[in-house]
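Shared between the two complexes below is chain A, which pairs with chain B and chain C, respectively.
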Partner chain A sequence: MSEDNQGILWEVFLQPKPGRPFKHVGSLHAYDKKMAMTAARDLYTRRGEGKGIWLVRAEDIVSSELEDGEAFYDPSNDKIYRHPTFYNLPDGVKHI
Partner chain B sequence: MGLNTFKMKNHNLYQYCLQLGDTSFILSHRIAEYCSKAPHLEEDLAITNVGLDLLGQAESFLKYAAEIKGDGTSEDDLAFKRKEKDFKSIHLCEVPNFDYALILVRQFLMDIYNNLLFNELSESKDAIINGISKKSIKEIRYHLQRSKDWMIRLGQGTEESNQKIQYALDTLWMYTNELFYDSSAEIELEKEGIAVLSSSLETEWRKKTKEIIVEAGLVVPENQPHSMQYGKDGIHTEYLGYLLAEMQHLPLLYPDAKW
Partner chain C sequence: MEDQKKLAEFQEKIDADIKIEPRDWMPEKYRQNLIRQISQHAHSEIIGMQPEKNWLTRAPSIRAKKILMAKIQDEAGHGLYLYCAAETLGVKREQVLNLLHEGKAKYSSVFNYPTISWADMGAIGWLVDGAAIVNQVSLQGTSYGPYSRAMVKICMEESFHQRQGYEIVVTLAKGTPEQKQMAQDALNRWWWPSVMMFGPHDAESAHSNQSLKWKIKRESNDELRQRFIDKTIHQGEILGLTFPDPDLKWNESTGHYDYGEIDWDEFWNVVKGNGPGNKQRLKHHIEAHENGKWVREAAIAYADKLNSKTKTA
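On to the complex of A and B.
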C-alpha cells in the first residue's frame, strides 16, 4: 500500500449518549463504510467517549468559505435583539 | 474433599489459568511488538487495541492464578519471573511477526478459537473464570468481526494480497493442531464443569474457519501436525525463549523499577 493511497477521508461524529447531539471529533481514512465504522470505533470510542457514531465522507460536507466570512457573519454582531435574552425561563427547562 | 484432592484441584486450576492467561499474554506481546509498524495509522491503532484487550484478559487470568498459588505471588511475578518451561502458551501465539498477512491470519485463527472457547467458558462453574470469560467474549466477538473482514478483503483483493494471505495460512496451519489438544488440567477440570475440553471445539472451529477461508477465495491447507509436544505442557517453539528474554529483561535487571 503506497503512502498516498490511504482510502477515502471520513469525518467522525460521536453521540455521548442516546438523545444527545452528535459532535465532530475528528477524521480517518478508510476504503468503505464498513471499514470506516470499525476504524471509528477503534480510534474514537475506546475510552467510553460515545454510544453512537456518524460517518460522513469529507467530500460530501458543504462548508462555508473563509473569504465569505465578512458577508456571512459580521452583520450579526450589532443586532442584540436577535438574542432571546429578554425571556424568563421556567426553572425546569434544561439545555438552553 | 480431602486435603490432597483439594491440592490437586488447585494445582489443575492454577495450570489451567496459566494456559488461558499465557496464551493471551504471548499473543498480546507479539501484537505489541508490531505497534507503529502497521500498513496505515487506522490499522495500527486497531490492531494494538486488540493486543491491549488480550493483555487485559491475560492479566485477569494471571491474577487469579497468583491468588490460587498464594504465597504472595503477584500477576507481574508470574508474567516476568517465570521460566520458559513454566509458560503454558500455545505454539501458534509464539510464532514471530513475519508480515501483516501472518499477523492477521494468526489473529483470525485465534479469534475463531477464542470465540468458541470463551463462549463455553462463560458457563464455567468456577465463578472467576466465568466472570472473566463473560467480559472477554464481548471483546473477542469484535476481534473476530475485524479479522474475518480483513481475511475476506485481502483474500478477494488483488492477486498479491490473496497470495500473501494464502502463504500465511499455509505457514501457520501446522500449529493449529494444538488448539484441540486436551491438557491434563482441562481433562480433570472438565469433569467438574470448570474447564472446556479443547478437542470438543474442533468440529465447530474447522467448520467456521473453512466457511470464511472459502468465502475469501482461499484454500484450506492440509493438516500436518508439526509437533507431538505442546505449549500447554510447557514444551515450546524455539521462538518463545527470545520473546521472554526481551520481555522480561527490564524487570529482571531492575527488579525495583516502578512506573
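On to the complex of A and C.
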C-alpha cells in the first residue's frame, strides 16, 4: 500500500466584501477543485468572513526570492519623483 | 562561520520582533521545536473533539446541541489551520499524523479525562478553553508568521467557546441543589487538569528557555498559569462555587492568588499515556482515520478521472 495521500495543498484567498481585494487567509488540503471550494467555505467562512473565494494550488504560486531582495527592488529606490510629495507647489494652491 | 553569522542575524530579527516566514533562514532547532509545538497543538484541537462528542446526542436542548456542534466544528477548523502552519516548515501532513498514531507525538493531557456529566461540557468550555485562550492570546505574538496568524484567527473564534461553557455552568449553578452539585462536581474534577495544562513549572520545563529566547513562546508556563488562575477564581465565586484547593488565597502583597501544590505525579502519569482515556482517544483517532481511507481513495480516483477528461478534451 502506498503512503497515505492527503491531497493537493491549496492556498485560500478571501474577498471580505464586494469590491475589496482578495487577501490570503490560509491553506487546506483537497483532491479536486470542487472539494477544495467546499472545504474553503467550511473552514474559512464560518462567520461571514468573506463572500468571494479564490483557490490557487500552492505549487503554482510564483514568489520573489528573499536572498536578492535588496537588489531586486533597487530600480525604484532612486525615483523619488514618483511620489506626489516630490513636487514644489506655490503656497495656498488648492485642490491639487 | 556562515552559520554563526546567519544565527546572529536571525536572533537580531527575533529581537526586533520581525516575524520569521517559511522561506527565511532559520536554525534547524527552531524548525524542529516549532514542528513539535504546532503539531502537538493541532493534535490537541482534533483529539479535543472527542470528549465533547460524547454529549452531542444527549445535549439537553436543540439550542445546546447546535452550539456544541458549532464548537466541535470550530475545533476541527483550528486543528486544520495548525496542521497547515506546521506544513509550512517542511513536514508533511501524513508524517505528523503517523507520529501521533505511533504515540510519538503528544497532545494536551487534559483531553484524556472522561466527560461523565453534562456539567463537564460547561467545565471544559469555561476552564479548559479558558486556559487554552490564555495560552493562545500570548502565542499570537509568536515569532513564526504562519503560527502567529493561525493563533489570531483561532483566538477570534475561541471567545464564544468559553462563554458557551460558562453559560452551562451558570445555568446549573442557579438551578436545583442537585444541578448546582453537578456544576461543583465538574469544577472539582476539571480544576487541577486545567491548571496543569500550562505544563511543568518553569524550572522543570525542558524546552522553555530556548523557546522564550526565540520567541516561539512569549511568556513562561508559570506566568500564564498565574494569569489563568487570577482571572478564573472570581468567575466561580460569583456563582457560589468553590475551588478544590484549600491553599487558594488572594495575596495582597503580590496582587495574585497563591495556590496549592500541583500533583505532578498525576501530570506525568497522564503525559506518559496512563491517564483514564489515553488509549481510547488514540484508538478512536486511528479508527476514524482508517475508516476514512476509502473516502480518500475514492476522492483520488475521482480527481484522476477529472484530470484525464480535461487532457483528452
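Methods note: the second predicted complex is superposed on the first by the 70 of 96 C-alpha atoms of A that agree within 3 Å, B and C clash if a C-alpha of one lies under 4 Å from a C-alpha of the other, contacts with A are read in each partner's own complex, and residues count from 1 in each chain.
Everything below uses one rule, namely that contacts are C-beta pairs under 8 Å (C-beta built on N, C-alpha and C of every residue); 3 or more make two chains touch, one makes a residue touch a chain.
Given the structure is predicted, the values throughout are model-derived calculations rather than measurements.
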**OP:** Please indicate which partner A:N77 is in contact with in the superposed arrangement: first for chain B, second for chain C, both, or neither.
**Re:** neither
**OP:** Applying the touch criterion given at the start, work out whether A:N88 contacts chain B, chain C, both or neither, answering first, second, both or neither.
**Re:** neither
Subject >> Touched partner set for A:L43, first chain B, second chain C, both or neither >> reply: both
**OP:** Considering only touches as defined above, state whether A:G26 meets chain B (first), chain C (second), both or neither.
**Re:** second
Subject >> First, second, both or neither for A:L9, with chain B first and chain C second >> reply: second
Original post:
Which partner reaches more residues of chain A, chain B or chain C?
Top reply: C
Subject >> Partner chain in contact with A:S63 - chain B first, chain C second, else both or neither >> reply: second
Subject >> Contact residues common to both interfaces of chain A (with chain B and with chain C) >> reply: 6, 28-29, 35, 42-43, 46
**OP:** Note which residues of chain B are touching chain A in the complex, please.
**Re:** 39-43, 45-46, 49, 142, 145-146, 149, 153
Subject >> Complex interface listing, chain C residues touching chain A >> reply: 23-24, 70, 73-74, 77, 80-81, 84, 87, 92-94, 97, 149-150, 153, 157, 293, 296, 299-300, 302-303, 306
**OP:** Spell out the residues on chain A that touch chain B in their complex, using ranges where they run on.
**Re:** 1, 6, 28-30, 34-35, 38-39, 41-43, 46
Original post:
What does chain A use to touch chain C in their complex?
Top reply: 3-7, 9, 25-29, 31-32, 35, 42-43, 46-47, 63, 66
